[in-house]
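Look for subunit A in each of the two complexes below; its partner is subunit B in the first and subunit C in the second.
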Partner chain A sequence: MSGHAPIAGRLLTKPFIVLALLFMLAVAILLARFIFGLGAVTNINDGYPWGIWIVIDVMIGTAIGCAGYAVALLVYLFNRGEYHPLIRSALMAGLFGYTLAGIAVIFDLGRYWQFYTLLLPWYVQLNSVMLEVAWCVMAYVVVLWIEFTPTFLERLGWHNIREKLSKVLFFFIALGILLPTMHQSSLGTMAVVAGHQISPLWQTQMLPALFLISALLMGYAIVPFEAILAALGLHQPLETPLLAKISAVALAVALFFLALRFGDLIWRDALGLALAGDIQALMFWVESALFIVPVLLLATRTMRTNPRLIFLAAISLLLAGSLYRINTYIIGYQPTAGATWSYFPSVTEIMVTVGIFALEVMLYLLFVKYLPVLHGAAAPPRART
Partner chain B sequence: MALNRRDFLKASAAGMGGALAADVHAVQREPKKLSPDAVGMLYDSTLCIGCKACMSACKQANGMPPEVAGQMEPIWDTPLETSGRTLNVIKLYQNGSADQKDRDIDGYAFMKRHCMHCVDPSCVSACPVSAMTKDPSSGIVEHHPDRCIGCRYCVYSCPFGIPKYEYDDPFGQIQKCEFCSHLQAEGKVPACCDVCPTGASLFGRVDDLQREARRRLQMQPGDEVEFPRGKLGGGQPGHLAPAPEYIQAVYGEKELGGTQILYLSAVPFDRLGLPVNVPDVGYPAISEGIQHMLYKWMLIPALLLAGLTYVVQRNIRAAGHDSDTTSDKTSDEEQS
Partner chain C sequence: MATIKPQADTHLDEFVGSLGGVSRRSFLKFCAGVAATIGLPAGMAWRIAEAASSPHRLPVIWLSAQECTGCTESLLRSTHPTLEQLILDAISLDYHETLSAGAGHQAEAYKQHSLQENKGKYVLVVDGSIPLKDGGIYCKVANRPIVDHVREAAEGAAAIIAIGSCASWGGIPSSSPNPTGATRVSEVLKDRAVVNIPGCPPNPYNFLTTVLQFLAFNSLPELDSKNRPKFAYDRLIHENCERRPHFDAGRFAVTFGDEGHRQGWCLYKLGCKGPETYANCPSILFGDVGSGAWPVGCGHPCFGCSEEGIGFTKSIHQLAQLRNVTPPAAYPNISEPVGQGITPGSAALVAGITGVVLGAGAVATSRLGSSSDNASADSNDEHD
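Up next is the complex of A and B:
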């Protein structure tokens, strides 16, 4: 057998009910959005047409979903079988991150009922970076469900079909590596056309490379983050040696990212703006610190075996990648319209984002309790969790 | 709307950013060329008297509702900015005592904002579903709400901040100036140029307008000269005025790959809210440069997929297990 097992336990725990209430609140707000328009519940405006529904729900949501991509890269491309125990929970993070991002896009689209025009060959505009992202994300959601299908089949006991699927799965695994490489980099390219509206602290032709690497980094961070939370909250065994190894990978990727990021800033002679003393400069330093701190926390082999440090480093990396996206698209963005536009998300806007993440955690709990997802899973020692 | 000091500082900061970013792009696609039949407008800020007849005519010609700014009493149409209800707006630059027109310090100047009909438009490059198109002959950038998905990438990417979305409408759409293409189809002149009493907004073929703009830069300041009105070479009688002291440049000739709306002014263009120190190519040439390098004929992705498929299959076979059920070499490792 695969060594993955459901952990069982009651689903309707107190935290689960709180999450469900948050989700229902988001649904109510979305109802208002569809009746009264985007302006009724969000603070996006003609100066800042993209808010947190795009940058957090979609861009950060899919970057977190890169867990499956990041681990698949290690297991299947670099042939590191030792990471295989992580693959299912990593794929599941991808499954939720991407599926929900795909749904969240609909809430933000101003003319969502015409969404299908993205698929009509006589309308598609092949130079559009947005089109490439849309197609790739849609395709990857399908690929993720296919990659995750063995877990369902195992649960159902349909081993025959599972065997057959296994024979062709290699192709979907390859696609599952190609597609995120394409659209996570394109999510960076998407900002290039905004030109001078984005501060030179973030605007560069290196955006595709930087977005791709930081998405990978977030993928490598979410794996230990999730594993340690599962250990704490669901009383799961902690595979510390494996987490130490993946933290070493995260460290290497973080160093590569920092070298590329600062190399690019120096080469473009843009680093001076970091001393401008304005909000952009401040946020640049917060973002940079969040990338640098994990490097220090994971510096030595001994440090990388300390779950506490691994956990802190993972949180810092997740915040770093998230802030890098928010900075590029919102804080580093100054519309040229000449007007004094500003943007900060409204409470209702934030609650929708919270509701989507609540749904993600609910789905996680549902899946790990009833499907063979977690490796070496143990039933909780107590009846309730 | 007044262009205040903060706007000015912001515009300058944006310009600085442009200067820093302008000369470094590793890859770039061919810049787009101006159509020989392109039509455009020359807006001469020095001729504009701020009467806003163009704004009123624009609303009438395009069936747009009036808009009342901020906290004002709703007396008349007072938009501060182009929006989902306003496609064209006259703005005011003022500095210090503002007691002389067309003077930078202690002066004021008018500015007209609407779609620039770029030669290489960002909105057209950004739009995933061809809802923004550029007419290959006239060069007019048109919007097609019937296929638009409302992603607002055009709003986000436009370097001049022009396309706007109707946020307060559950079925809102993108709005922007389409240069009265419906009037042009009937052989008429765009409404704003048609009604302009001084010829500040002048319609014509872009290369004719460029020549006209160059001619004006040669004028002797103070000389009484005749400025054409309505359409360049059209039948309207001209407007007599003393030649102003122009800034010796035509905005839109080369900025961001060129625009079909050209500007002349006696105060620096950044005072009027136009981005300066921007590259001579449109931003799509830079972003599509990246895309074409990576995705031309889908060659690189196809090769990558072939390589990945081979390696993944080989690794799965070598590991002696099917693609999902690993033999769990590490399952017995210590668990804390």
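Up next is the complex of A and C:
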């Protein structure tokens, strides 16, 4: 018995319509992008070939999508069954985060029509970090959809297939833990490859580990974030004890991340740059503060039962992980010393990113209203064996 | 497989003298380079080294027809340590009009002696084209048309190499109107396999590699449909050209000395024949003086010296025909945009989004009670 159920309610609410408009605007801009090229709608250039479409849509998008990975890690690897109620909404966050990231990558590919060559083994260059990420992400999107399939099958009432699937699901769950471990760290490796172009405040051989841990952290943050918003906006019961527990996990991971991050900075003797007084130093401190604040907010057991603090800590962690990625790939990145390259996202570029996030929220609303995703939903649980 | 044998080591040490003052180390390095050029494992360098320093040196007869001695010159100027000495000692160059110590009847007599003595064992090298018009009288050596010399020497030759574009496909002498009826070596030796090493002059290492492979393994390199060694002539210059990225990006020099030319952009529009000429020039360069030392590297368009129907046939500034890549219909900008910084619009948007996120966060936080009890009891208007 899963105890998950769809919630009732109209789909076309005012917020939903606003989101739909934002999404349609993004589609219109993307139309222009595919007709007139990347230069027509983005500010990326030869110096900054990666803008927010990669760093936010893909890197942050998949990091948020690590909810499914992070909770699966707890439930299946550490055998903590008590987190099971969270798994479906967490998996769903992963489903949207990854699927949309996979699609968003195509917007940013200059020669997107050659995308299919990724799948042709005779073109493969096995030393490529990008290849690893691309394959892993594609595989993980498939795995996520398979992991999420029971939800569809329950909705359709195909319990027979559901039973058969659950017999082999362990294999996909295992893959679902392996694959993100691989590519979330590789997303850090891609910055390692950029070498001295990235400020020593972020450039380190530890980037793969730091990216993996911060992705986990964002995964543990998005779960309470989503649960609390669902409670507020969709009138769902709030499972505070469970959120308190997962916040404790987030706290531990955050402490580990900070220890590794600052230990590495001190070890490499790079912390002095944090006092340089430039934009990089400023962003470093904002990022670090966003990582440290949740640690303070979740410090004691009592604090961790306070939904308000949990919510603030989750927002802070999400912003921290996001800023860490933006800092590593954009703020801390200098293409060539003395060159005049500059980058700030254009309005159209930003609106595409906004549109993708709008689509993500729309899909969330669609799924929770029509599929058995949320645990102990307000509507009576569907009876099933 | 040749493995490293101790006796091979001592054997080479003994022959230091025969290497013409080349150190054993540089000699082995050269042989390893040769092995690498023809795609052999490094261990094969020993076999090449042994063969090249064997007391039984490979006899070579070099005939010069209608030529300019450029091939010989470039061979002598190959500066892998004192290569000319090495090659003169490694092979037995029994006849070469430019390099023979003897002259006149003496040289001709020695050639005849060698042809008889080494019948079936020597390598025949021909540079220059063969004139056939009027009985071949336009190029005569020792009072006989060169075509007779070539046919005579070919009879007992173990292998025949045509060096240079003239010998390979006619070269300059065969250019219109071709007053001497000049033709390629293989045209007068139709029943024999002739290895062509075209180029004007060809890169000496393509020739040396071919000879040393024959010396070491008694075989010739794999040849293409025009009998050129594939190791050197199976790729277009365009494919490995250092200026290729400029071609792909649409950055071209249009006149000599213009902005693009000084920036080292692609020479295609100046008539570079790289896109239709098969040779390894961009990979192995010329003259052993480091990177950029080849025509295109120096800023001159390739004129296709090694390619029949291109070199000495098409005009130097005529556009090359692109074999496998056509330039895009629209080229990107010559001056790359360096990106624009923050604009009022984008700044306002980022500020707005940040505001919405913070505001929504603040509203949500304020609606959350400090305990879980009243959280779900709170309603909000958004959901209407």
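By our rule, the second predicted complex is superposed on the first by the 376 of 385 C-alpha atoms of A that agree within 3 Å, B and C clash if a C-alpha of one lies under 4 Å from a C-alpha of the other, contacts with A are read in each partner's own complex, and residues count from 1 in each chain.
Please note the rule applied: a contact is a pair of C-beta atoms (placed from the backbone, for glycine too) under 8 Å apart; a residue touches a chain by one contact, two chains touch by 3 or more.
The shown structure was predicted, so the numbers you read here are calculated from the model rather than taken from an experiment.
K.L.:
Clash or fit: what happens to subunit B and subunit C when subunit A is overlaid?
P.N.:
By the criteria stated at the top, subunit C and subunit B clash after superposition.
K.L.:
With the two structures laid over each other on chain A, which partner does A:Lys14 touch: subunit B (first), subunit C (second), both, or neither?
P.N.:
second
K.L.:
Regarding the shared-chain residue A:Val354, is it in contact with subunit B (first), subunit C (second), both, or neither?
P.N.:
After superposing on A, A:Val354 lies in contact with subunit C but is clear of subunit B.
K.L.:
Of the two partner chains, subunit B (first) and subunit C (second), which one does A:Thr62 touch, if any: first, second, both, or neither?
P.N.:
Once the two structures are laid over each other on A, A:Thr62 reaches no partner at all.
K.L.:
Is A:Ile228 contacted by the first partner subunit B, the second partner subunit C, both or neither?
P.N.:
After superposing on A, A:Ile228 lies in contact with subunit C but is clear of subunit B.
K.L.:
Touching A:Asn306, do we find subunit B (first), subunit C (second), both, or neither?
P.N.:
It touches subunit C, and subunit B stays clear.
K.L.:
Considering only the touch criterion stated at the top, classify A:Asn327 as touching first (subunit B), second (subunit C), both, or neither.
P.N.:
neither
K.L.:
Output check: A:Gln184 vs subunit B and subunit C. Expected answer is one of first, second, both, neither. What do you get?
P.N.:
A:Gln184 sits against neither subunit B nor subunit C.
K.L.:
With both complexes overlaid on chain A, does A:Ser288 touch subunit B (first), subunit C (second), both or neither?
P.N.:
neither
K.L.:
If you tally the residues of subunit A touched by each partner, is the higher count for subunit B or for subunit C?
P.N.:
B
K.L.:
Just to be sure I read the superposition right, which of the two partners does A:Pro237 touch: subunit B = first, subunit C = second, or both, or neither?
P.N.:
A:Pro237 sits against subunit B and subunit C alike.
K.L.:
Starting from the residues of subunit A touching subunit B, keep only those that also touch subunit C in the other complex, and list them.
P.N.:
Of subunit A, residues 39, 44-47, 237-238, 240, 307, 339-340 contact subunit B in one complex and subunit C in the other.
K.L.:
Any idea which subunit B residues touch subunit A in the complex?
P.N.:
My answer: residues 1, 3-4, 6-7, 10-11, 13-15, 17-18, 20-21, 24-27, 80-84, 91, 113, 122, 124-131, 145-153, 155-157, 159-162, 164-174, 256, 273, 275, 278-279, 283-284, 286-291, 294-295, 301, 304-305, 308-309, 311-313, 315-316, 318-319, 322-331, 333-336.
K.L.:
What residues on subunit C touch subunit A, complex-wise?
P.N.:
Interface residues on subunit C, with respect to subunit A: 336-343, 345-347, 349-350, 353, 361, 364-365, 367-372, 375-376, 378-380, 382-384.
K.L.:
Along subunit A, where are the residues that touch subunit B in the complex?
P.N.:
1-3, 34-40, 42, 44-47, 49-50, 76-77, 79, 81-82, 84-85, 108-112, 114-115, 117-118, 120, 123-125, 127-132, 134, 150, 163, 166-167, 169-171, 173-175, 177-178, 181-182, 185-186, 189-190, 192-197, 199-200, 203-205, 208, 237-242, 267-270, 273, 307, 333-340, 375-376
K.L.:
Mind listing the subunit A positions that touch subunit C in their complex?
P.N.:
9, 13-15, 39, 43-48, 228-229, 231-238, 240, 305-308, 311-312, 315, 339-347, 350-351, 354
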